[in-house]
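Shared chain: chain A. Partners: chain B in the first complex, chain C in the second.
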Partner chain A sequence: MRRYLRLFMLFIGVEAQYELQYRANLVANVLQQAMVIVTSVAAVLILFSYTDSLNGWSIAQMLVLLGVYYVVQGMIDLIFRPSVERLMEQVRLGTLDYALLKPINSQFIVTLRHMRLIQLANVALGLVIAVAGVVRLGEGLGALDVLAFIVALATGFVLVYCLLLVIATLSFWFVRVENLLVIYGAFVDAARFPVDIYPGWLRVTLSSVIPIGLAVTIPAQAIAGRLAPESLALMLAAAVAAWLFSGWFWRRGLRSYTGASA
Partner chain B sequence: MIGIYRALLLASFQSASQYRVTMFLYLLFSIIRPVIFLAAWTAVAAARGGTVGGFSAADFAMYYAIVTLVAHLVTSWNAYEFEFEVQHGRLSPKLLRPMHPLHQWIAENLVWKAFTLPVMLPVIVAIAVTFNARFTAEPWQVMLFVPSLLLGAAIQFLWNWIVATAAFWTTRVNAVTTLSDRLGFMFAGLVAPLALLPEPLHTIAYALPFASMIGIPAEILRGGLTPSDVLARLALQGVWLVLCFAGYQAVWRLGLRQYSAVGA
Partner chain C sequence: MTRAIIEVDGLTKTFRVAERSEGVGASMRALVRRRYKDVPAVAGISFRIEAGEIVGFLGPNGAGKTTTLKALSGLLHPSGGTARVLGHVPWKRENAYLRQMTLLMGNRSQLVWDIPAADSFRVLQEIYGIPEAAYQRTLGELTELLDLAPLLHKPVRGLSLGERMKVEFAAGLLHLPRVAFLDEPTIGLDVSMQGRIRQFVAELNQRHGVTILLTSHYMADVVALCKRVLVIHRGKLLYDGGLSALAARLAPYKLIGVTLRDGETDGELSRYGEIDKRGEGRVTLRVPRDQAAVTTARVVHDLGDRLADLSLGDPPIEDVIDKVFTTESVA
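Right, the complex of A and B next:
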């Protein structure tokens, strides 16, 4: 375990050195993310200039949700997506051999090796919005709410991680799996609002096949004090099942990998 | 000119046929975003017991179905590749041809629309039906929608090129594009129908070109505007078309002088 942690810190160090080479880029990227978030907040404010509650969500609760949305999106783009995108390329080129030859768990190195540290800005800006929402909520947060929030957030990450791992594993059999990432990307946008406002087909998609809606809505509900314990339990169970399945599927896929260069 | 366009359209058609699946998947983005805001406004209307500033849930459904269609017909993506073309010197061969590269981009765009429309139309109808949209436009409004749509497409096309030519001067066009995209997000009529933008955003929206691209054609087809309102909006679009055309020519001329063909 300590070995894995040390390796993970090493990955972060390497990526940080890479990112810091291009400082002006860094500033430009942060500016862009700030523009995206400011306009998203403005969109929420416009909606709430006509009402006090959107399907039962107050403006403070909605700000929390929007903040959580950027935290979740930022974390996924920070760590899972870059690795998964790289993995698809490695399978196609046959360079995955080098990763597999390393004396370390293959799933670990393949899904956590690459990062886009610039996305930390997204996470930080999201936190600012979420905290602003919490302050506006007025009522103090109980320790239990915070705990539920952390558990829900972590569970959400596991769910999305498993989805991306399964998509990546499909690249052992199919060549153009990037297309599945396009579908995922299109649905991510919808997580900016609570899943309960959507019509059935979209709500179901965001809570099952592409669980990004759950990953944002459930933690936000925990902070907003409107989380039903059953939904958290159900989400935990789903995450365990998804974790077991995606791990098995990855090992299964690995067996069909032949190495393009060999 | 007709011969040139025939060749360009054929070539674009051939290259578009290669990437059908990816192309159709990208349509998901154009479909899901309006649905998101439609769902949000429907919730707002429900919270207020039926209507928001004269819009009922059925009106929102119609408006956002129309916005999906207009945004799809109006939007051109070619400009996003321009940065790459400039930085890698790919623009050079295009400049050597005895015609403005703009024509090739127009042809690619037309083909992309023709390819994707048969898929978009049923989806838009399905959205309208699931959200119980109500179509209220009168025949004259539908007729005036056509020139408004064409103006919107031309303005959007030229504006994107003005933004893209930033690539002649900086290697970080992304920041400029994001700014333009986010202003469009706010003011083109996507976040809210233009009529529902609170002041001062409402005034700002009409003072920027973005409303003329999507919001104005959409509000004309939705119906409910008087003839003089419609004509005033068409005139505004006309002004923006002239401004964008002049602006495009100016930056293109200046930019070409700046262009040093990296990698060529």
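Right, the complex of A and C next:
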């Protein structure tokens, strides 16, 4: 375990060095993301100039949700997505072989090796918005709320991680699965609003097959004081199931890869 | 009998490949219903390799060389047969095994292109759990042997093909494996870089006793490095033995090259042996191996002063190997 943690820190260090090489790119990226976030905050503010509540969500709670959205999206694009994209490329080029011959857990090295640290800016800006929302709520946060928030956030990550792992694993059979990532991306955009405002089919999709909606809404509910404990329990159970399934699916995919590829 | 480092017994690997006919119509049909065909890539081969050997693996494209290497390194689950490398079943991919072996593919890169090799090396050090002292020692040695110093801190993207291959070699050997599978390690490199890599492989084998199984399209690699070769064709092992013995067995003749000052008249040289080729005043004769010395003496005796040049040698190994692949057997 400690070895894996050390390795992970090393991955971060190596990637940081790489990204810091390109300062102009770094600045441009941060500015661009800041613009995107400012625009979406403005959109929420405009929306709430016409109404006081969106399906029971107040403006302060919406800001919390938006903040959490950028934290979640930023974290996923920070750690999981770059590795998953790289994995698909490696399957296509045949260089995955090298990763599989390392004396280390293949799932670990394949899903966490690469990251895009620039996304930290997204995470930080998201936190700022979420905190602004909490301040505006003006109710103060109990320790239990914070704990529920952290648990919900972590569980949400696990769910999305599992989804991305399953998508990546599909590339063992279909080789070209980038389009699935595009579909995933489209649903991610929808998660900047609470899942409960959407019509049934979309709500169900965002909470099950593509659980990004859950990953954002549940932590936001926790912090905004709207969380029903059973939702959290259900989400935890789903995360455990998803973790077991995706791990099994990955090993299955590997077996097929090593059984068939030339 | 002591245990060999690599023991392969009746290894087979059959791939199921989707059959496709040409044309759009056929492709559409293939979408709905695929037809599969079983293609035997390796059809039951057996061999043993002892510690410290360098063995060349020869065969035309598609002969099953890479498939065998992949099975031995643990990437492929064979359809049948057994194999043990360092006492491990490779395809179980136990960490204890992976730590002691390496697979290097000349046409596939394991380094991350955007970052300098030195950073990738650090990651490898951690993955293999190489203690700092050992890491420094090995890296120092590899740097010296491969002349890596100017290459380590540039992003891999900016290196030439040859430079990249050297760095790839270092990456694959940082953990000082006991067994190395090299798949076309010199592919695409220029002659002098091929020579460098060759020299390095020999050095590695001598200094650290690394057992090496290598494939190459360049016979020069094999001639320079391997005393022993395995010849594989259509998934079957055709020959296992010394390189020179292979030549003797396959080509039971030698070549005598004769150049006459006044040129050849009336095909007079054909009485000494079969004419292999004529060109630029030089005639090459093909004579049975056991008579080569005597025939040469006769040529010298008969033609004496008329000789401008005379040579005696083996046929080029490429021709010998080529003959194996066209006749599909070793006589």
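Rule of thumb we're sticking to: the second predicted complex is superposed on the first by the 257 of 262 C-alpha atoms of A that agree within 3 Å, B and C clash if a C-alpha of one lies under 4 Å from a C-alpha of the other, contacts with A are read in each partner's own complex, and residues count from 1 in each chain.
As a convention for this text, a contact is a pair of C-beta atoms (placed from the backbone, for glycine too) under 8 Å apart; a residue touches a chain by one contact, two chains touch by 3 or more.
These numbers were taken from a predicted model, which means no experiment stands behind them.
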So, after the overlay on chain A, do chain B and chain C clash or fit? They fit
Which holds for A:98: it touches chain B only (first), chain C only (second), both, or neither? second
Does the superposition put A:46 against chain B (first), chain C (second), both, or neither?
-> first
| query | A:136 contacts which: chain B (first), chain C (second), both, neither? | reply | neither
### Message
So in the superposed three-chain picture, is A:258 touching just chain B, just chain C, both, or none of them (first/second/both/neither)?
### Response
second
Q.
Going by the contact rule set out at the top, does A:14 touch chain B (first), chain C (second), both, or neither?
A. second
Expressed to the nearest 10°, the angle that the Cα centres of chain B and chain C make at the Cα centre of chain A is 100
Could you say whether A:109 touches chain B, chain C, both of them, or neither, answering first, second, both or neither? second
### Query
When the two structures are overlaid on chain A, which partner does A:3 contact: first (chain B), second (chain C), both, or neither?
second
The chain contacting more residues of chain A, comparing chain B with chain C, is B
After superposing the two complexes, the shortest C-alpha distance between chain B and chain C, in Å, is 12
Chain A partner, complex, touching residues on chain B are 21-22, 25-26, 28-29, 31-33, 35-37, 39-44, 46-48, 52-53, 130-131, 172, 174-175, 178-179, 182-183, 185-186, 191-192, 196-198, 201
Per the touch rule above, chain A residues touching chain B in the complex are 24-25, 28, 31-32, 35-36, 38-39, 42-43, 46-47, 49-55, 176, 178-179, 182-183, 185-187, 189-190, 192-193, 197-199, 202
In their shared complex, chain A is touched by residues of chain C numbered 15-16, 41, 66-67, 70, 73-77, 91, 93, 95-96, 98-99, 101-103, 105, 108-110, 112, 114-115, 119-120, 122-123, 126-129
So, in the complex, the side of chain A touching chain C is made of residues 3, 6-7, 10-11, 14, 17-18, 93-95, 97-98, 100-104, 109, 114, 255, 258-262
